[in-house]
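The chains carry the letters A, B, C and D, assigned in the order they are written, with residues numbered from 1 in each.
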Amino acid sequence: MKLVYFAWVRERIGTASEEVSTGARTVAELVEDLRRRSPGHALAFADISALRVAVDEEVSDFSAPIEGAREVAFFPPMTGG
Amino acid sequence: MKLVYFAWVRERIGTASEEVSTGARTVAELVEDLRRRSPGHALAFADISALRVAVDEEVSDFSAPIEGAREVAFFPPMTGG
Amino acid sequence: MAVRVQEADFDIAAEMAAMTAGRPGIGAVVSFTGLVRGEAGGEPISGMTLEHWPGVTERALAAIEAEARARWPLEDVLIIHRHGALAPGDRIVLVLTASAHRQAAFAAAEFLMDYLKTRAPFWKKESTPDGGRWVDAREADAAAAARWQDAPARGGAGQ
Amino acid sequence: MAVRVQEADFDIAAEMAAMTAGRPGIGAVVSFTGLVRGEAGGEPISGMTLEHWPGVTERALAAIEAEARARWPLEDVLIIHRHGALAPGDRIVLVLTASAHRQAAFAAAEFLMDYLKTRAPFWKKESTPDGGRWVDAREADAAAAARWQDAPARGGAGQ
């Protein structure tokens, strides 16, 4: 599964994307896995209320299933315009 | 007293301005006088609900006094923008 | 205060650049441009003549601008209104509002247009296949202007 | 559909001329231009970097445009949003809306900006004397976007 990061999530983790293998069934379970990957990951995912998630490029929530998903993206709330 | 006309008021009366002597004390009395000046005046002032008036360049109403006024303007509702 | 009544056309990009140059507090610029339409009420329009009241028109626009500045935190305002003979597609009016944030700029531009429609001494005559026709004031424009009379100014949140 | 995500600057007068050429039904064009401000929260800003999500951003903007066209009778819409490194005073975003009458053009431009703020995948990082700082999403922007969810579209009276 491909993970994609934007803005300070990308900066804290130190990469814009990575491939992971996970047994997680939901975004929330994936986040639990990811927190253990590195101190940067732990920092990025410390407060998920500050985060938004997209599964296969569709904005989702943390209870969303990820089975069969090709890509999960994490980012702070958007600030366009 | 100087009278000033705009848009179809000007067209119906046939002039953009004229000088008149009047004993009228209000705009409404002035309109009564003016209606008798010519068929064009009568047509222009036939329906005063379609007209607006300004006394000395300030939008007023037909009951406004005109004693001492230098100029009275008649025109249809404004259509700027 | 920037209010201009003129026969000449205007250049919106040049006006906007002049307004924003060296003004680091401006985060939002809203423009309204009014154009002569090629038809009205299903009839083709071959042109429009705008009559105005020299001197009085400029003072009316300045008063409208002052009221907008009193209601919203604006960094700058520009009103350009043309008069004379115009063809379909020609620009009639430009309103520019600049503010730190978008809400004030949007609200002030709408306010300025609503007031221009009903409180600035301009009169429009359209040329149609049946001859010239003075444009009637619209009830909808009077209602649009009236809604500001008891509306509080909106604040300056957002961009 | 006209949506562009680009590093390059844009020319508002050229975009407006291209939009209105040969379109006699257009009587009103509203523009919104967002600029990089030179300060934020009292602190000077020396620049801003806009990060986006290539491909996904374009689709988000197209969806926002489609929603505006479904809500209001628009003759045309253009959204240009820049990304990359910008300096104070630089243009960030352009929204153009064209309609027969002013109300639809104003309402659609405000709607587009409110949705761009909260539903387009852009992230802003400001450069300050203390270093870089990611701009937080604003509660006021979320509230501004939410107000459209139960608002009926406004009609097309007036210019």
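Basically, a residue touches a chain if its C-beta (ideal position, glycine included) is under 8 Å from a C-beta of that chain, and two chains touch if they have at least 3 such contacts.
Computed from a predicted model, the values in this text were never measured in an experiment.
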item: Path length in steps (a step moves to a chain that is touched) from subunit B to subunit C; value: 1
item: Touching both subunit A and subunit C (chains); value: D
item: Chain centre separation (subunit A, subunit D; CA means) in Å; value: 27
item: Whole-Å gap between the CA centroids of subunit C and subunit D; value: 21
item: Computed distance of Cα centres, subunit D from subunit B, in Å; value: 48
item: Where subunit A and subunit B are represented by their mean Cα positions, the distance between them in whole Å; value: 74
item: Of all residues in subunit A, the ones touching two or more other chains; value: 81
item: Subunit C: positions in contact with at least two other chains; value: 34, 102, 113, 117, 138, 141, 159
item: Complex interface listing, subunit C residues touching subunit B; value: 34, 51, 53, 55-56, 59, 81, 92-93, 113, 116-125, 134-138, 141
item: Residues of subunit D touching subunit C in the complex; value: 11-14, 16, 20-21, 24-39, 88-89, 100, 102-103, 105-106, 109-110, 113-114, 117, 138, 140-141, 144, 157-159
item: Parts of subunit A lying in touch with subunit D, wherever the complex brings them together; value: 4, 6-8, 54, 57, 73, 75-81
